[in-house]
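When the chains are written out, they are named A, B, C and D in that same order, and each has its own residue count from 1.
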């Protein structure tokens, strides 16, 4: 099949005469991860060129046409069971459409660059990107998670922004999963948890970027596949964001030397984990070195401020191959690359390995010839290595040389346009039996049990291992107040001469996917926005990150389409644009597909951080209001999980109720009518009120018969329903009337359910009027702080 | 049950640039020592209990490959010694 | 000029809790291995050129005290071996 | 009257440190260590030296060791002259580690091998949290705005902060009044090694020490992260109390006012 090529280190591959079977054999021999249709398209292309390809050319396709780089499924044509078109290009028809239709002037760049950009004030913009790094973290949790953080930081550097905050969202199997139940080749959740948390902290702490928000959840749907999302937020003077590269500009690679680590990362990220993954995939895992990236950050900012480059991009999935081709495309041209010029870390690298290596901490620049000396001086002054490896050309060809031999010559356009894929999707509503059960007797114990469960308890053992204060701009911290209670969102004050702040929050409700991925997505959006609004956020933009199973299976794709459809419906309904996102598919293991997971990240602004509101109660004798409607929506709730029942109805989103609730909170924060706000989320009213009390020196007394609800006549449903669109508010008593009149003006659903107390305790009266919960702040705190000891 | 004392050393493979080693080399030169080819590795020592019939070399090798070393970039050696309490 | 190959090992003193060792121990236990008393150390290997009359042990000890170990918390061992190129 | 904030690869708290100093009315600039070693910048143009936090050289060998070796090779004598001249030197977190590795703290002999150490935290983890500190001695350049036994709230963020010294050394430190801060309970009682009040297992709860003359201070907590009211974990409740500055501000302010008085 293969012949020794004439050129050193390069093999010519016999493709032109290969039949389908031989193509597939070649595919697996070279580890290309391409489909037959793609292989045939490539074969036809080389028939047209009239020559056999070199291995490096095939590897280029393997990277550039990977799911990871091209979003083939999201861009594909999806048919229903009968072969009718369900949707063509989900990215365009659902996600981008929201942003296009809303057409806000403050959205600077969406869904096209390394990160999405929104304006912050007249001078600055905010860049945001969230990445998944599931596969590498499953194999090597420390290295995988660390390089996930490193990669997303480079995405933000890749739009000339300086990183100011990080977020991480992690999903693991239950920590108490029995060892015996774990298939071979898969690591225990505890091991993954420790390694991932350590890796994330390692990278962010070393770089000096505060990790300010995130989420952690546990579910048996993650035993086979772990989820690691890492996000980065950056700040850039708006005029400095842009791309000015022209043909003739020099291509410079800066940073770490290139090695054999991370070869095939992009195609690995689009394949399925199995028993062999640990051995086979280890090479795909990269080695993190945050100190090099710290130097890169300084260099990028200097280069930006002194206008020394005309373009920048990170070297991520697919390495040089992908970065060079994409930049060439943005210029509308091609590129000439001399691979022997790349600074390498090991001596015996093959040219194709240099071309697709994913060694970390490297960035690619285009530099006008006239500035190249000053550019290099700047880079060297930070003790970084750099190599000029080629230049951009006017003609639309990618030409790669190795010691004067031309070893790759393919058109830019062809490299960027894999054949469109067509896939079948189907979704059928799961048949769930409604379970019936008695009301519990002892609500106090139940609340403590929920508070101490791994899903709800304090994330302190994790959060404390992340530096969330470095840079000195973290106003609302993930754990805030005298008792370090759980914040709904983080607030950053990025500029010294302005009180304006940035509000960062997340929404994550994957366990609702079992009931309906549509309402799972809607609930995630509602939660991300709620959390943001609680502290005073507004003008919110969001990001979507999907983690799903094998899209070649119609049921997996069917649920994906439903979730993406909800993203359109509710982002549009809430009038919040998508500015960036990412999908990670093929998350499968011998245990089946991963629990379908959508992370919504929300970034808002607050005009003056001095108005920011936290969840801790701030005085006694103030009224406590609950906004929004409580429905018997306990499907997938934390309550049902803890009493081990399935079924129930999934929380839906009523746009009108949610929006009026949110507007009420925002206006009352603006006017200074409220002291504390917390949204109702995991564990419902019972847990939210507990969290407010355990965060403060004051207490609360509430009456469940005052809660506005429909079709509920049980205390447990009132306490633990997870209906969306609800907030608990401590209103300043002398502004109570003002609060009510805003609520009425907005047509919000709301009621006064109780008061704050001077004693640090929680009292809850049930429907029958009797006291069903009587707990001290210490009881609540001790329970809440007792969990997550891995 | 058999008890072993194990010592493992993990080094970056020889053909890979050792960034930490270079840094240490520079510092030692700054301090006036005439050193070359500095490489930095990690050492581990631990006690290991095995059931009678397991092969200690095989288990320690597995430990190295799964946790202590990344076979793609690292080389490793180990020594085992049986002991009684 | 005399040439030496030097190997140094640095470990936290026995009476100090080795936190990294504890973490490694937990991870190994998570992976199902029955290990105890894990300790983690650092190793250095380098070549050293000395003028004929200097005492190699003295120089290497100085290197350890000045850079590779902090004698307040670390213990260290080294081996030196003369070699010809 | 400029203050020098030096950095090395991996330093990452320089920007907010400069900001904190400027808030007190003096100017501060950040300079790469290489510039000082090359000699293109002269230490004596500055009236104080601040070594900020971060992970210099990736904490290779051990935290602060490589940076200390760099400074040791070319600058140690100038640093000693600088200190003998009464100019303040402040080491924060990684900077504290560097001062210890250089032997400039405790700073009572000319031997540059360290006599104390900052070992990995006993928890085995990086710890980022707000802690309480009790001021043990105010007769120095940095703590003039506090009284003895006042309680400070500052954040820590490190993985190698466990202060270690022999009994003998500890008794000299105590005798000389060189212990600047100790970790304590919120009510000011000794933390007595209790985690997380003593967050890293430091012997005698020691969080910071100084030289006998009181112009060199090293501490694990980060004053630059406690300069403004909005950086404090008690925000927004503290707005009502009209506290504008946090305890970190007063450390910088003390240093700056000292410089103005002594060198202007």
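Just so it is clear, a residue touches a chain if its C-beta (ideal position, glycine included) is under 8 Å from a C-beta of that chain, and two chains touch if they have at least 3 such contacts.
Worth saying up front: this structure is predicted, and the values here are computed from it rather than measured.
By count of C-beta pairs in contact, A-B exceeds the other of the chain pairs A-C and A-B.
If each chain is reduced to the centroid of its CA atoms, chain A and chain C end up 42 Å from each other. Averaged Cα coordinates give chain A a centre that lies 37 Å from the centre of chain D.
Taken residue by residue, chain C touches two or more other chains at 23, 27, 31, 42, 66-68, whereas all remaining positions touch fewer. In chain D, 57-58, 61, 65-66, 69, 72, 125 are the positions where the chain touches two or more neighbouring chains simultaneously.
Residue positions 289 of chain A each touch two or more of the other chains. Viewed as a contact network, the protein chains are fully connected, with every chain touching every other. Residues of chain A that touch chain B in their complex: 140, 143, 257, 259-261, 278, 282-283, 285, 287, 289, 292, 345-348.
Within the complex formed with chain D, the residues of chain B that make contact are 20, 23-24, 27-28, 30-32, 40. Those residues of chain D that touch chain A in the shared complex are 9-10, 12-13, 15-16, 19-20, 32, 34, 53-55, 57-58, 125-129, 155, 157, 159, 196, 222, 224-225, 227, 230-231, 233-237, 239. Per the touch definition, chain D reaches chain B in the complex via residues 57-58, 60-61, 65-66, 69-70, 72-74.
Listed in rising order, the residues of chain B touching chain A in the complex are 13, 15-17, 19, 66, 70-73.
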